[in-house]
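So that you can tell them apart, the chains are marked A, B and C in the order they are listed, and the count of residues begins at 1 in each.
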Amino acid sequence: MGAEFVQFSLTPILIGVFSAIACALPGNFLILRRQALIGDAISHVVLPGIVVAFLVTGVVAAIPMLLGAAGAAIVAVILIEAVKRLGNIEPGAAMGVVFTAMFAAGVLILEQTDTSKVHLDVEHALMGNLESLIWFRAEGWHSLLDPAALATLPDELPRIAVVCAIVVALTLIFWRWLKIATFDEGFAQALGIPATALGFGLVVTAAVAAVAAFDAVGSIIVIAMFICPPAAARLMTNRLEHQIWWSAVFATLSAVLGYVFAGYGPLWFGAQNAVSAAGMIASVSGVILGLACLFAPHRNRVGVGKEEAA
Amino acid sequence: MNAFFEALILQAGYNAALVAVGAALLGFAAGSSGTFLFLRKRALVSDAVAHATLPGVALAFMLMVALGGDGRNLIGLLAGSAITAWIGLLLIEWISRRTRLAEDAAIGAVLGVFFGVGIVLLTIVQSMSAGRQAGLESFLLGSTAGMLFQDAVVIAVGGSLAVFATWLMRRPMTLVAFDSEYAAAMGYNVRRIDLLMMGLVLAVTVIGLKLVGLILIVAMLIIPAVTARFWTDRSGRVIWIAGTIGGLSGYLGAVLSASAPALPTGPIIVLVAAALFVLSLLLAPRRGVLAAVLRHRRFQRRVHRRQGLLALAARHAIRETYTLRLLTKEGLVRPDGVPTDIGRAQAAKVARDERRWDVAREIHQDAGLTGRYDGLTPIEEVFTADEIAEFDRRLGPPVAVGGA
Amino acid sequence: MTTTQQPIVAAQDGRATRPAAVPTGAPLAVRGVTVSYGEKPAVFSVDATFPAEAMSAIIGPNGAGKSTLLKAALGVIPRLSGEVYVFGQPVEKARERIAYVPQRASVDWDFPTTVMDVVQMGLYRKVGLLGRLSGQMAARARDCLDRVGMADFSHRQIGQLSGGQQQRVFLARALAQDADLYLLDEPFAGVDAATERAIIDVLKLLKAEGKAVVAVHHDLSTVSDYFDHVFLINVRRIAEGPVSDTFTTGNLQATYGGRLAATHLDELPVAGGV
């Protein structure tokens, strides 16, 4: 755990952890609202957003691309809502129509434009590039106190840290509203809480988290992080407060273990090359969810009151 | 343009023709079997199934190489993808049945995790000496460029088989999709038909992998079905319309893609389908947005007009500005809210119909008729002229509205 | 058109219309409310006034728009037209004076939360987004649970409650809102007799404290026992007034049409007999 760790592993692990937590927090509410697949839709439309941002600005710069991706996510959410309401289509199908069409448009534009010179490709968008986010100038733990070295941290780290902090803050600030509007939307509206706007805000927050995480870890881990840690957390407890904590713990665990397994796992089996860290993080979160489905204390539905509610 | 027409009439080469026919057949099978998913409100299950094919592709490649064969054998890869997709499907069922998690969470979890595992395996394949040119990434987005002849044959034959299977299962499929309880009562084994349908969806997904890729194959399953729903309410027709839309998108997409460079097949097929969807969403005669907006505006006008006349009849002031504006525009009231002669006449008619309804509901203690007393249904639609005359007889002479 | 031939005797002074009868100071006044799902009005141009210090029932057959009227009054579903006044003010400005008990089946009882949490949701308007839930307020929530006889269940997960217990928790949450007008959507649907008794006792106490209670109700046999005022609806307003002179066979038949068997009507303790 010396200089090499700080140089090669510390930043990817931190980025992974921040991404996972930023996605898992809104994921808790999405799951309880039966909107888990919004995460799926969002992660697919990030690609067209980035491509369009590149077309408009002509440069591969982080900020315009993040804006493009966030814009695409918001457009997608609005389109899904429009298709759902205007066409009277069930949510799953509406999502399926919108995000596949946008994704296809993104791929088409990408193929049409000459982006071979730039670092912009579909695979990168899907798989992310966590392993490459290393801290060249770090020489050990003391570099954490060295302003010159800190200035060379990969941009992704402060970016995802800020987004993660914003997501945490929003969750805390709107905690009561989120809880009541998720549990009983009609009652929330009767109290005068803007439940519809809140629901939209939640999805936008999820989109921002997805975009910032996507930048570093690609879109698969984003889908998995929206769903697996909160789903596993739901099976651990019957209190929303505790569920949030569990989801953060599972998200962190997935990120750390996933990165370690991806980097060192193959070596244990005598292989030479590391495997995709983003993919491994998603895999670990799946294993955690699987264990929760099998052994978690509150994995089963409780029966009472259910049959009458139908 | 020339290249496009050549491709359209299947003159752009043997491979391209096979791919176009295969895409049309696959599109038809996807559209019709996707209808089943859509009507069962499980459209995105197919997304999870599609993403869950990736680990299978990678594992099959590794296995075939380990056995000393060519890892790129399409049939082997497709068989592998089918196996993991099936496992993903079973896991979704298991999670949503056995735990308190809802199906959408199960779908998302399976989708993300299987795809993650697939990517991990893909990086392993890429590090294998045989894997560098494996081109397995093409399964993500599909690619017909440089497709082998036998791959095109697989797509064409697979598409035909899928269409044949859809045709075989059309009756039980329709029945289960629209009313599974009735189907069960008719003696169909709903669970088995469900499984068969999922099997068909899985087959379509797997065959479509090479053509449109696993991320976009879900579009071929969902978009035609949703589009078809705008054009008919009849159960049997949705499936065939969806199939036709799917087939058309597949054919046109493949043809367009073959006619110019840098037009990837998968995205083009999806975008053709999406364009058909947007047209249907906006313009479909009954369920389209345009029709619905017009209908809603008309309905709102009717409600406000009627309420305004009722207020006039009851000699209440009209409170809502929209109502007032509407009646003013029609010359029924003056801008200060005082009714004109025409307004008074119409209000008198409304008031008399209200009284007729009172009598009607007294005579006919019948929910079927009086249940239509919803404020908007004209009494003439519910009762015959003779019956109304009878109401009028009981009512006595007409009473004036606005009388002093 | 024959209508134009009807003799029209209008007021000649050009002031034929009466001034609007709202806003009144009534706890809940609904004016010209229309709600439609698609092309079919669920509630059409309904005027209703619910009196103070009384228990009022909204009564009508299934699909007659009872719950729709209540939800539209609260703004939970959009109105196509019409206005709603609470104590003489537009409903949007009087939210803190309303307590609401939604239908029990309208929420997911598998939600990860406890009985106490749900009751405290009734305090959210007072506490605000970030305000601290004071000890006094927590005590208030406990007191409300006690009033519905659920004090022993405060840490139970809501999914583990019976239907009747869930309904009591919802009522406790409404009590925590400390309002002047209580709106309840089918509070007795699918609850056991003990719960029904407990709920009615609480509601009668509210009335004694001078509050107004309005409930969507479907059990005709208990109307005269429980309520003072009825509003009969079948898409349109059929009748409203004190139970003693409004809850009559004639009005019920007008409301239910053929859906209410005559023999059933005979058994009802309606006002004025048959």
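The rule is short, and it goes like this: a contact is a pair of C-beta atoms (placed from the backbone, for glycine too) under 8 Å apart; a residue touches a chain by one contact, two chains touch by 3 or more.
Being a predicted model, the structure only gives us computed values, none of them experimental.
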item: Topology of the chain contact graph, where touching chains are joined (line, ring, star, complete, other); value: complete
item: Most widely separated chain from subunit C, with each centre as the mean of CA atoms; value: A
item: Averaged-CA centre spacing for the pair subunit B and subunit A, given as whole angstrom; value: 28
item: Between subunit C and subunit B, distance of the C-alpha-averaged centres to the nearest whole Å; value: 38
item: Rounded Å distance, subunit A centre to subunit C centre (Cα mean); value: 43
item: In subunit A, residues with contacts to at least two other chains; value: 234, 301
item: Where subunit B touches two or more other chains at once, by residue number; value: 100
item: Junction residues of subunit C, two or more chains touched; value: 110
item: Contact set on subunit A toward subunit C in their complex; value: 32, 173-174, 176-177, 179-180, 182-184, 186-187, 189-193, 234, 237-240, 242-243, 301-302, 304-306, 308-310
item: In the complex with subunit C, residue positions of subunit B that touch it; value: 100, 295, 299-300, 303-304, 306-307, 310-312, 315-320, 322-323, 337-339, 341, 344-346, 348-349, 352, 361-362, 364-371, 373-376, 398, 400-404
item: Contacting residues of subunit C [partner subunit A, same complex]; value: 71, 74-76, 92, 95, 98, 100, 102, 104-114, 117-118, 121, 124-125, 127, 129-130, 157, 159-163, 165-166, 173, 183, 190
item: Residue ranges of subunit B touching subunit A (in the complex, touch as defined); value: 38, 41-44, 46-47, 94-95, 98-102, 104-105, 107-109, 111-120, 122-124, 127, 137, 140-141, 215-216, 218-219, 221-223, 225-226, 229-230, 262-264, 266-268, 270-271, 273-274, 277, 281, 287, 289, 292
item: Of all residues in subunit C, those that touch subunit B in their complex; value: 1, 3-4, 6-12, 14-22, 31-32, 34, 36, 39-41, 44-45, 61, 80-83, 110, 234-236, 253-254, 256-259
